[in-house]
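Residue numbering begins at 1 within each chain, and the chains themselves are lettered A, B, C and D in the order written.
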């Protein structure tokens, strides 16, 4: 009799019902014996009871060296919160060949479509025009388009060309935009092969009518877009922040919108939820979004699908191909805090 | 000595400076001798003085049969207002081989990008979320996305597959949407060749999560989308009106938004500008746009470029290929009123 | 009782069974009463008997002015041989508003895919390498690729941007080629809108590594690519002739292949079939095709589908949108001979 | 004073002048101090002299455990022959975090364009028609296309969806083909995300009019396409072999061509060069290519560009993103022999 592989499912702070649709859950159940805990982190006793037999862990469970030593069968850890945390002894995982993965690209398609719509909104004044009609002070036709520009054919700049940048770039294909990208972690060869022009941060900012910021926060880049960088941008350009508030000088970004130098959209804020009296709430030339760009059921379900796809490969003795792998070089650099709940 | 061809330029209600950028104006001047009138319709005396020698007319000048009889050299009439009016004896033009053209597709790209952004806005709640943050009653993350759906991969329906429908369809390419189209003037063969599924109006409405109405008004289709048609749509779907208000039952469309059955966006209204106390101004689930979708400098300049491209062909004795031609079958059916000023 | 419209079907030199698949034939039969003649041109008596009642004619029947005078109900003539001939009084048709159409683009997709494959064949030496292996004198690997080049990313030139050029251009999309086009009948605006660079003939020839000739023969352009034009091309470039032999100096084209200056592919010859002792048969650096590029069942069936699609529109009182229209400006210029049988 | 990193360059059996164009060589020289050996494998003495200081190795040098123990600074090994060999202690590399990479996708674009051209050649009879004209027994027009089919819109099957399959799939985009893929190492989720239909081998063979075999040889799949699999294919279909001869029953493949059941193209042979009297040389319905599909200067130069791009990242302390990584799971499975010279 064959023993089925044991899979620990410890998805907190996500709920397994949020990330697995019915079909994916059935596929997961078909892969092995599932030991699951819901409603909070899996208790240590339960972890310790099953870890010795576990082949896979789906979740964010603490895995210090001593725990990993008690997990001789562990072949993969799939973080379903989608941020690698500092609670794993990565070095041990790498040297033993335990895959540490996360379905980080699950949010890219939903963020990308919202980013594109927000960019066209800024270029064409969509939200502002609706607000004007509700206030009764709209202008019609040509007069209602003062300061607007055609997004199609305009110059686009991407700050960060990871999953989000790539997903947005894919949507830009029919728009005939010249696309420049700045990403210090990617070589020019890679960017050119993807069809974007590799450039410096300054050139992206100075040459683009619309700038999308997709860069994550690392230990090195906090606040790397500050007043000098904003001043590099052409007046009347659009600036969209869709990754983390900490990569920009946030008050300066708001100031650029307030004085009408730039059009700005942001999905993230230095502290969330935003204080009731935060000046951002009444800033003009600003499109506000309450960290909603990625938080869609379709994206959460994709986390589950990606996790189960790679889980299946690992259990068959094959290399995972879907999720992002933790890398020795970068796993320590990210500064993202764990999500409260997204 | 060769005489240069004479071109009458009578662009009212547009201004020639609105439709010709510098480069295009130079190209026009290079084609022949221009007789131009600005600030209103060209006076009859001026028309009559030059018509006998004119090879081309760019504008909306009245051309009854008796005038055409006095224009033996006329080879083309290019309407730059972009609606064929009833002030021309079309039959005479057709039988004499005088091309009657209009750069009708000039507005398609700018309308299409706004239509796409509005559709994603409705699906993802962009304008509403900004309004909520300004009112201080926003919900964050997942909670802020109740009722929203991912536009990518969703079913799209096009009512009308003329220039606007085609331009929007082009932008949809990377989104992986299944696209159905209803257009009674186009055969299934044509629609399939373009990559859309030809269907009935009912099927477009019932099967699509997002419906774009691009159909122009004809003598037959006024109000063809009324309560029975709206009721065919799935609750929570999006309905976008970008052509003419008269094709829908407008109050019913507003009602569908008000009761929360549909999400609606409209760029057009039964009477424009909208009355200050019009209920549309405070209707929820409605994205309002003051006839701004097409009225962009880039589109106006494209009118000029299209007109000059075909003017050049006609003067060289070649058939025009850029503008839309007036057709014996349809030129009498359109009910568009002349623009006041767009 | 309504009388069904009468449709004359006189497809000679094509057979109606060649151009209509079952589904299309049923659609045609559904449009009206069909009077058909097979096995040769429709006898004059039969034409005269039915012409007075005919609404549509599908075929190449002679239609001089006096016959048209006896056809008061005729609304459209659809040539299914796909060349407009001089046997119609076009002026009468134009002035009466009788559509004269031909499904000329039916062959474009099949010609385009063959043209692309032939271009890659020339660049990569496919046919030559197969011949070498059969002769036992092949070279392997790198050594077998002397003089070859990667087609992807190379410069392409199109001489003629009608249906064939457009269909080929569509297939080039993923190849990353810079595409220049020369077409004296199309304005730069049109070519740029299609995504090709408008250039002179000389520049197309001098700058392209692969030149496709799709230009039809007119009364003006016979032999317009002769020794001076071939000499403009870079040595080692590819030249593909897919339209009509008469547009080039054919012996010079063969000479360029024979001396190894150019790689040449041709689907057409000055006289077809080719004489048994024609030197082309043994010319090196030449890819020979016996006028096969368009003659595929799928293309013939598309003739029928296009014809029936527009026939349906015309009978409903709508303007045709699928077939190419005869144009006053150009219908007299084409020099194509009637096909014997293709 | 900073010491520049030391890079060992031991490219045999490739020549560094074959894989680095001038610009790439300059980039490589800019990365550090290069110790290079040409004209054969780097002598052991030279390897041992520099290995202790080496940060990177570009080449196929033997790296048993004891050698790796003497290379404390080694951070990456980039195989430029593009096959991982059994001469490295991979386990040591993995546990120490030494990247083992190869620019395996360098050949994909050149192979893909040739594969596409060969597929259209088989569908449309291009090579055969040229041969017929040279033999003087060609048929013209429709008669010359007996048994041919339109490739555009036909069903395509991919056996193997690695770099080659992906590159070919990209070129298929405008052809409107339904694409099925069989790849036992990739999950359905991955294939669907790429836009192909995941299916079984049998279904790919039975449902596709054209089958491309891109699968590499592993320890498990030798000869996995044999008579039962060929018999599954529809008569008149095309079968193209572009990876390794060992994955098919080669004599049976030839037999299928000889009896006219399938059209076959192959770039690879069980033993190369092929014997002068090999029956393949005179087999009909067969397109022969002497292992030429990948061996193009452009592909070799891409090896260099990919290697230098990742070398730069590794030396900056970043994770490589361009080359393929050796995987614990699969590095032992490949059965490719070292190239003699390609």
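The definition used in the following text is that contacts are C-beta pairs under 8 Å (C-beta built on N, C-alpha and C of every residue); 3 or more make two chains touch, one makes a residue touch a chain.
Which chain is which protein? Per UniProt: A, B, C, D = Hydroxyacid dehydrogenase.
On a predicted model such as this, the values are computed, not experimentally measured, just so you know.
Q: Counting only Cα atoms for the centres, state how far chain B (Hydroxyacid dehydrogenase) is from chain D (Hydroxyacid dehydrogenase) in Å.
A: Taking the average C-alpha coordinate of chain B (Hydroxyacid dehydrogenase) and of chain D (Hydroxyacid dehydrogenase), the gap between them is 50 Å.
Q: Taking each chain's centre as its mean C-alpha position, how far apart are chain B (Hydroxyacid dehydrogenase) and chain C (Hydroxyacid dehydrogenase) in Å?
A: Centre separation, chain B (Hydroxyacid dehydrogenase) to chain C (Hydroxyacid dehydrogenase): 34 Å.
Q: Quick one: report the Å distance separating chain A (Hydroxyacid dehydrogenase) from chain B (Hydroxyacid dehydrogenase), using the average Cα coordinate of each chain.
A: It comes to 38 Å between the two C-alpha centres.
Q: Residue numbers in chain C (Hydroxyacid dehydrogenase) touching 2 or more other chains?
A: none
Q: Just say which it is for the chain contacts: an open line, a closed ring, a star, complete, or other.
A: Shape of the chain contacts: a ring, since each chain touches exactly two and the loop closes.
Q: Spell out all pairs of chains that touch, sorted by label.
A: Listed in label order, the chain pairs in contact are A-B, A-D, B-C, C-D.
Q: Please output the residues of chain A (Hydroxyacid dehydrogenase) touching chain B (Hydroxyacid dehydrogenase) within their complex, sorted ascending.
A: 109-110, 113-114, 116-118, 120-121, 124-127, 129-134, 136, 138-142, 144-145, 148-153, 170-175, 272-274, 276, 280-282, 287-292, 295-300, 341-342
Q: If you look only at chain D (Hydroxyacid dehydrogenase), which of its residues touch chain A (Hydroxyacid dehydrogenase) in the complex?
A: Within the complex, chain D (Hydroxyacid dehydrogenase) contacts chain A (Hydroxyacid dehydrogenase) at residues 94-97, 185-190, 193, 305-306, 308-310, 312-313, 317-319, 321-322, 327-330.
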